[in-house]
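In what follows, chain A forms one complex with chain B and a second complex with chain C.
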Partner chain A sequence: MARIDLDHIRHAYLPNPTREEDYALREVHHSWEDGGAYALLGPSGCGKTTLLNIISGLLTPSEGRILFDGADVTGLQPEERNIAQVFQFPVVYDTMTVADNLAFPLRNRGMAEAAVQARVAEVLEMIDLTGIAHRKARGLTADLKQKISLGRGLVRADVNAILFDEPLTVIDPHMKWQLRSQLKLLHRSFGHTMVYVTHDQTEALTFADKVVVMYEGEIVQIGTPQELFERPSHTFVGYFIGSPGMNVLPVSLDGARAQLGSQSIVLPGAPGPTGGKRTELGIRPEYVQFGSEGMPVSIRAVEDIGRHKIVRAMIEGHELAVVLEEDKSVPTDPHVTFDPAGINIYADDWRVKLGD
Partner chain B sequence: MLELDNVSKISNGEAHISDVSLRLESGSLNVLLGPTLSGKTSLMRIMAGLDRPTRGRVLSDGRDVTGEAVQKRNVAMVYQQFINYPAMTVYENIASPLRIAGADKATIEREVARASDLLRLGPYLQRTPLNLSGGQQQRTALARAIVKKAGLVLLDEPLANLDYKLREELRAELPKIFSESGAIFVYATTEPSEALLLGGRTATLSQGRITQFGPTVEVFRDPVDLITAQTFSDPPMNLLSMQKSQGRFVKSGLRDIPVPAALMHLEDGPCTLGFRPHNLSLNPGAGTTPISARVMVTEITGSESYVHLVHDDQRWVMLTMGIHDIEADAMLDVHLDTRHLLVFDRNGRTVRARPAGA
Partner chain C sequence: MDKTWNNKAWFMVLPMLLLVAFSAVIPLMTVVNYSVQDTFGNNQFFWAGTDWFSDVLSSSRFHDALLRNLAFSAIILLIEVPLGIFIALNMPRKGLGVPFCLVFMSLPLLIPWNVVGTIWQVFGRVDIGLLGYSLNALGFDYNYVNDPFDAWVTVILMDVWHWTSLVVLLCYAGLVSIPDAYYQAAKIDGASRFSVFRYIQLPKMNRVLLIAVLLRFMDSFMIYTEPFVVTGGGPGNATTFLSIDLVKTAIGQFDVGPAAAMSLIYFLIILLLSWVFYTVMITNDARG
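And then the complex of A and B:
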């Protein structure tokens, strides 16, 4: 297990990058803790796979260095980096048994057979494959094969890091719940440094201690699930995390008040000077409350999605999504208030700190 | 209207579709919900005329079209894997069904402009598909299905390969786009949340059979049986096997659960209780009953926490508001909201609620 330092890394797929836009990955400079579980989250084309490939060694960055526990590995091949990888699609040896598939990386490194058996038995138990340990992998479902791939990724205790590239893509929804929670348990008990790439917010938030949100080649925020939810540092994070995403409304600022059309909203604190930039108020649908008092809204649609309802409303000519609990209904003559704990202010898309 | 009348499909001695009867109205949105290999694609291929059913009939507006080839039917299909003509521009890809139909230049221009507007492909019309992102490629395939003005549009997990957020957007747009066309719209998915977001009507599939077909939220809230309830739950439905004994559900070693008044008419004996993760909470409330369970692991999504539990050797999930990082292996009292409790009899049929005193 190792700490991973990303030292001023940039990457361009073009031969002679000159402008910022030429870089698929713009400056990344971070240190990731030993034993941390990190998720790289973002839409396709955001640079997350590029960053993962730089960590695994499939790609050498155009600029910067990558270090494992202080040792420069920038020029090393993947097989020289002492890492384990799990890919989107299962990679298993069909002619081997399930147990032998897991034992393979251990035997390759000359581990004593008794130790191999013990370790394989432990991992099989944890991923619930003990029952089919001695079956050949051939003919197993894609789900089970991917479980074998996960098990093989987890079997070595001495790797620097385990890298996952959208590992649950082929897994059926019900099995996903089990595998995800098992991965989390495995992380707790083995303490590996894990890096997990996904575009699925639920997977990222539930798996990781720290979620790295990427957008257009940049890391826009690294934070705990709670931080990303409550204090998105960029409107993109507000939009990308949460379903529906954060409401972003254009406002003008006046001290500790925000003016939204004809409505004046009291802020939890006064934002610092924003330099006359475009200012917006962000409020998640979960923090908007219906009542008979507050700001008047009109209702465009109510979507009943089972465990709650999503109300599509209009406020001062802007769309506003509101989340309503399963057993509640929209009041007649609806008004809304914003929970101050859920209010964030943005200037040119970046969050502005609010004073006291 | 498209009607499947007692349709079965058997290949190599294996039943892929068994005795399916369905009536899909014009202008309707219909979701086929079921896990992989439950028969969604087989059923769509029969609807399209790509496959002939072994038994049963397919009727289009009352006319028997069972053996009719797909080319003769007015059908558009979009698959999980984006399929476009790689050598043609996006414009030509979208225009292709119109050209095949012999439309004039003005019509082609107008229809391509309309479809590309709807799917926000305007800036990419002169590119070829391989120079587009996955989402743009799939939108091109969808645009082609729109201009075709087919009476039957079949979408087989069309968003499965797209980004989470893009899926959210397209999911909201697709019903609007297609409802304007008056076509019958059939959408296959493995994900309950996707069915709920699309709305319309849902048919749940299990092992080649339709277990229920009705308005989507109704099937979600009032599943007719256990298999439907499980098919329509993500996270999985929490289950509990108990005995009904007069006014209590009992099992040795477990706390009793009071039988809701509306279910009192169920005869005593074995039954299965089912409830969804958001009907468990950390705090007691009106109509809740306490249950002890062991914590396995907690996952935090930002505003909510999924607490994985073990109860009576069954795995459960609790979805609770707020951030709760509860220590693993702790024993915990959780509170079940019995208002949404589902009870299944020994045959797995849902016990229908009866108003008290009836």
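And then the complex of A and C:
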């Protein structure tokens, strides 16, 4: 168990990166607290796996240092870093039994056989594989194989951190939920530092205390699920988290007012000077209200998704999604108002603080 | 549910049946026919029953050739399989080296059998051959024409040179199909180089190795052209393998009956051994 510091890490897969776009990881400067459960969330190709492999030592970063509890491990091999990692697709040693698979990392580190057996039995119990402990790993279903992979990740009690790289991709939804709760439980009882990579927001929000959102090789926001939802610090976070994503509308700013086409919107506070950057107003569909007052909109479509309806509307020539409760209907002459609590202002995609 | 039966569809198989009949079944039946008859020429045949079979089975000439062939197959398998695995493991997985290595490895496989024989026949000659001349110049008394041991070494070297590539390419195909995650997981698990080979690479190569061993066994057991060109089966009978012996009997001595019986026995041996190989390896595979 350790605190992990990433000190100005940059990584490029090309030998001589010159442009900013050459970097798979633009610049990451961040600390993972000891015993924290983090989710690393982002779309495919944003550098999540690269970052994970740098932490585990499978990749050496082009620039920057990695510290475990203050000690520089940048040049160390994965086996010297004492890290566990679970991969997206199940990796099992086909010719070994399930129990031997779990024992493998322990035996490689020269643990006494009695201790190995005890620990393996414990982990088998934990992930509910005791029944097939002596079956060969070959020929098991993908679910079970991935459970074995998870087990191998959990079997060493003294690891600095456990890294999960989209570990539940191949698992069916019901089992997914079960395993995720189990992981959370394990985290509470053992207190390992856990980093969980995913592109599934539900998975990230339910697993982690803190969610780290990555976009195009950079960390764009670190926060609790609630912070990510209410105060996305980058328009990407707004789009990516929540379903449907945040509405982002181009506006021009004038003190504590925002001008959207011919409509003027009162802001909860005045943003600072934006220096000629592209300015936008972000509002989640949950904070848009229908009424007879306010800005006129035209309705394009209504999607009924069960608990509520999503109304696709047009405002001043821009698309606007609105969440409407199940029992309410769309008014005939629809107008909308924005709840000031849900308004965020962005300049060149980054959130601007609103003054009082 | 009622199925429509249309027996006319059988006519569709007819062309293929004719083709197979003319290319395989009829020639094979001719051999069977010869194997149970005797002739004094003039196309007059007499029923000989199983005489030829018992003759062949009890002849020491056949036994010797069979033993030589088994020894040859065993030796080349013992060399080519480990060597092939070793080379495949050390071939580059990405980069410019890959096409270069693949082409380089394929070259021996592209050369016609008798050309391979000729190359080695010249290569090993003590008067003008690079290998033969150099060895003698270095003080080794090497001469594949006189010395049975040297003849064997030459024939085996030639086979290794010619066919190891096949094992290499098959193993390489098995190796490149292993996802990176396996190697990464092994690193994380602290596996040694040997463990990676034993628990990741070898199990993944299992199936292609089965094919490689089967192919190499069948081919080496039927080997004819290369030793025939290099040693002609000599010195004496030292490198007379079954196929060479068979051709000597059939065409050299024109003993069609014994030759036919011998071919059938030869065929059955290959079939039997291949089946044994296959079954053993498949069973091992299933047991893991």
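We adopt the following convention: the second predicted complex is superposed on the first by the 307 of 356 C-alpha atoms of A that agree within 3 Å, B and C clash if a C-alpha of one lies under 4 Å from a C-alpha of the other, contacts with A are read in each partner's own complex, and residues count from 1 in each chain.
In this section, a residue touches a chain if its C-beta (ideal position, glycine included) is under 8 Å from a C-beta of that chain, and two chains touch if they have at least 3 such contacts.
Note that the structure is a prediction, hence the values are computed from the model and not measured.
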Quick one: is A:Ile299 in contact with chain B, with chain C, with both, or with neither? Answer first, second, both or neither. neither
Going by the contact rule set out at the top, does A:Ser56 touch chain B (first), chain C (second), both, or neither? second
Between chain B and chain C, whom does A:Leu354 touch in the aligned arrangement: first, second, both, or neither? neither
Check the residue A:Phe89 against both partner chains and state whether it touches chain B (first), chain C (second), both, or neither. second
Pick one for A:Glu79: touches chain B only (first), chain C only (second), both, or neither. second
If we overlay the two complexes on their shared chain A, which of chain B and chain C does A:Arg138 touch? Say first, second, both or neither. second
Contact breadth on chain A, by residue count: chain C or chain B: B
Regarding the shared-chain residue A:Pro244, is it in contact with chain B (first), chain C (second), both, or neither? first
Please output the residues of chain A touching chain C within their complex, sorted ascending. 53, 56-58, 77-79, 83-85, 87-89, 91, 93-96, 104-105, 108-109, 136, 138, 149, 152
Applying the document's contact rule, which stretches of chain A touch chain B when the two form their complex? 43-45, 172-174, 177-178, 180-181, 184-185, 188, 199-202, 205-207, 224-226, 228-230, 239-245, 284, 286, 303-307, 326-327
Taking the complex as given, what residues does chain C use to touch chain A? 179, 181-182, 184-185, 187-192, 195, 199-200, 203, 288
Where on chain B does chain A make contact in their complex? 35-36, 133-135, 163-166, 168, 190-193, 196-197, 199, 217, 220-221, 234-236, 276, 278, 296-297, 299-303, 306, 308, 315, 317, 319, 323, 328, 339-340
